[in-house]
């Protein structure tokens, strides 16, 4: 039971042109920086990326966009990215925008073997076009389906050889959900520890969901909106 | 923001004859012992109880069954309880048996505002009678609905005044799911601490889901099947 | 006429002790600066934190602790961190007592549009559609008119909707209004703003009944 | 003829290094005692633990650490604890490589019945319906015949079903069988058991092709 691979290059083995990937993170917080770099380097193309955001022009998924490696983005919010907007408005990039809670639950249900569920989010909007509507307790809901993704790539704070993960602060976000949802899940961690070092009672992602793990390096952890208050 | 009540008697205020309750626990592990005693004492009747098991003859929900306070049980497994079997076979007790994963997910979805979902569990069995069947990826699934419960009663290891909870070991089980699902959620804890004492990064149940909390007393924590191995 | 902080201050008066509150990006974020001293509210940010505190002191920013606007934040004692599915369980499951968000347009039946201008701006809805579809108590914080002076309170939204018949109350730089079956009911005027000013700036049906008091801030 | 431990021992041979395995109550539980030394498997118990270890030493029982059979257990290094929804996410989401469970009846199309005898015994299905509906690899561990000597391998189940067309393999005290389109295919005989013995004890369609080897234990 040793899921450790050497590095990001080894971790992304098997990711091919045209595949669907889930990538954890919210904004630039908790994104798998090492694997994104490896995907850029390997120049894998025509990717469908399920990720809450699309990074910024020169960081996160923005790096894949720059190289035009992404065919389709499935996200909830894609502001703050000029290159993205350009590719989308010009039609080069296919974009599926979906409500953030629906995005999260579609990941969660993918990992949980629940193929479809009803949610109130998006009823009466263009998100509901072509979707089944059903009333529960007098309120309209739409039918949404679990995602399918060949690979999920997540970033954790600490992880062990068995794939158990813990996240730090709001860098958790979509990461544990996507970890459950990938057919193959790759976790890059800031610190790789031995089994038993993480308290079994406080594991965020049980190892069963993770197939490959490695200790990443040179995390930049860029801050998108640095906001502070004066010292008195 | 102080959700602390004095004791179990105060915590169950407002629970009335005929109501639907969720009660955490798996077997006798992680059951809200103090609140069950208070319900027995208050002699509240005609209850519908959603709980994975029904206790044993003289402990857990068995205590409510002895006094015939339960009208209907919604559970996945009810063995190991003679009085239960007697009441069920004689028709005094209504019983709805449902697959354990469906039970868990119906609780989880109740708390999450998802009114219905498709699951493969129970297709082709009597569990599926009268339920909508739909195929996903060539496999049959049945439509299941989120529960509704006026009160959820859970047992945690530690909790703070804001209602944040952590559980210990497999006493977690259904507790965090039911905590999310109750219109009013009561948490009894072994140790009540001040906000800030529990690490925000390792809270199992965020306080928003809990309306009342108290430090329980005299926990018996009875073991159902004491199994040991020889010392060498 | 109120400025953005004035709008936030007026909305802060709606808060009740013990409430869990989700504040959207923009004017809603400012509400946190005006909480009355005698009440406690807990702020939820949909990226996964309950008990959001003020911005950090310079040098104490943590890249792993941000809000939904991607701003660096702090966490209050008693806060909790969770994943995005749990976060939206709180929202869809109606565990949050108040949602405050901005809008481009609101219709007099409570419809709201705030995520897209076809062909020009498509940032996405983020968590707004989940919030408006589920929240029982939604206040919109916005300017009464857009940059071209056109009313943002309409008979019908012209932009793609975020949610239908969901907005309950609107606080603008000019007025406080409630959404009723018959349209926007005028509740309060901003200081120095007349009922006529509001009527002129409101395209949707406006209900004016009796004396309309001025806001007390 | 095998005893219960023999059945467990034979099933243990099916395990592969790195597998996550869910063992049901009864004979399946015994499988954990026979894991080949050179492989590592992780046991999941559906009440919420991955990495279940052996029973505790006397005096070290923890009431807060049990398995789905309500037995006191221990946790291995690298184990994890989770709630019941996450546990069944593992199961329904096909993250578990093998499920071993007991049965009252199995039909030759893979149907299984193991939770109810109408009017006589209704303990409930527990997690069995979720397990059989989702698992890609299900082995049934049971005696070939019931206490009255009647076959438990049937043309059709007579008891209420737990799942349809889901069982892949059956290990009994007499044989190892695979469920195929055409019925039970006999793979191995237990020591001292003849093909004729098995044919007599099997009510469902039995396929015997070529020489049937004896199990090597």
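Per-chain numbering from 1; labels A, B, C and D assigned in written order.
As a working rule, a residue touches a chain if its C-beta (ideal position, glycine included) is under 8 Å from a C-beta of that chain, and two chains touch if they have at least 3 such contacts.
For clarity, every value in this text was computed on a predicted model and none was experimentally measured.
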item	value
Both-way neighbours, i.e. chains that touch subunit D and touch subunit C	A, B
Number of steps on the shortest touching-chain route linking subunit A and subunit B	1
Whole-Å gap between the CA centroids of subunit B and subunit C	36
Cα-centroid distance, subunit A relative to subunit C, in whole angstrom	28
Residues of subunit A touching at least two other chains	105, 108, 112-114, 119-120, 168-169, 201
Overlap residues in subunit C, where contacts from two or more other chains coincide	49, 75, 81-82, 85, 88, 91-92, 134
Contact pairs between chains, per stated definition	A-B, A-C, A-D, B-C, B-D
Residue numbers on subunit A that touch subunit D, as the complex places them	1, 108, 110-114, 160-162, 164, 180, 194-196, 200-201, 203, 206-209
Subunit D residues touching subunit A - in the complex, by the definition given at the top	17-18, 20, 40, 42, 44, 49-51, 75, 77-82, 85-86, 88-96, 134
Subunit D to subunit B touching residues, read off their complex	45-49, 54-73, 75, 81-85, 87-88, 91-92, 111, 119, 122-130, 133-134, 160-164
Complex contacts: residues of subunit B adjacent to subunit D	26-30, 52, 75-80, 85, 88-89, 95, 97-105, 107-108, 119-127, 157, 168-177, 204, 221-231
Of subunit A, residues touching subunit B in the complex	105, 109, 112-120, 134, 136-137, 141, 145, 166-169, 201-202
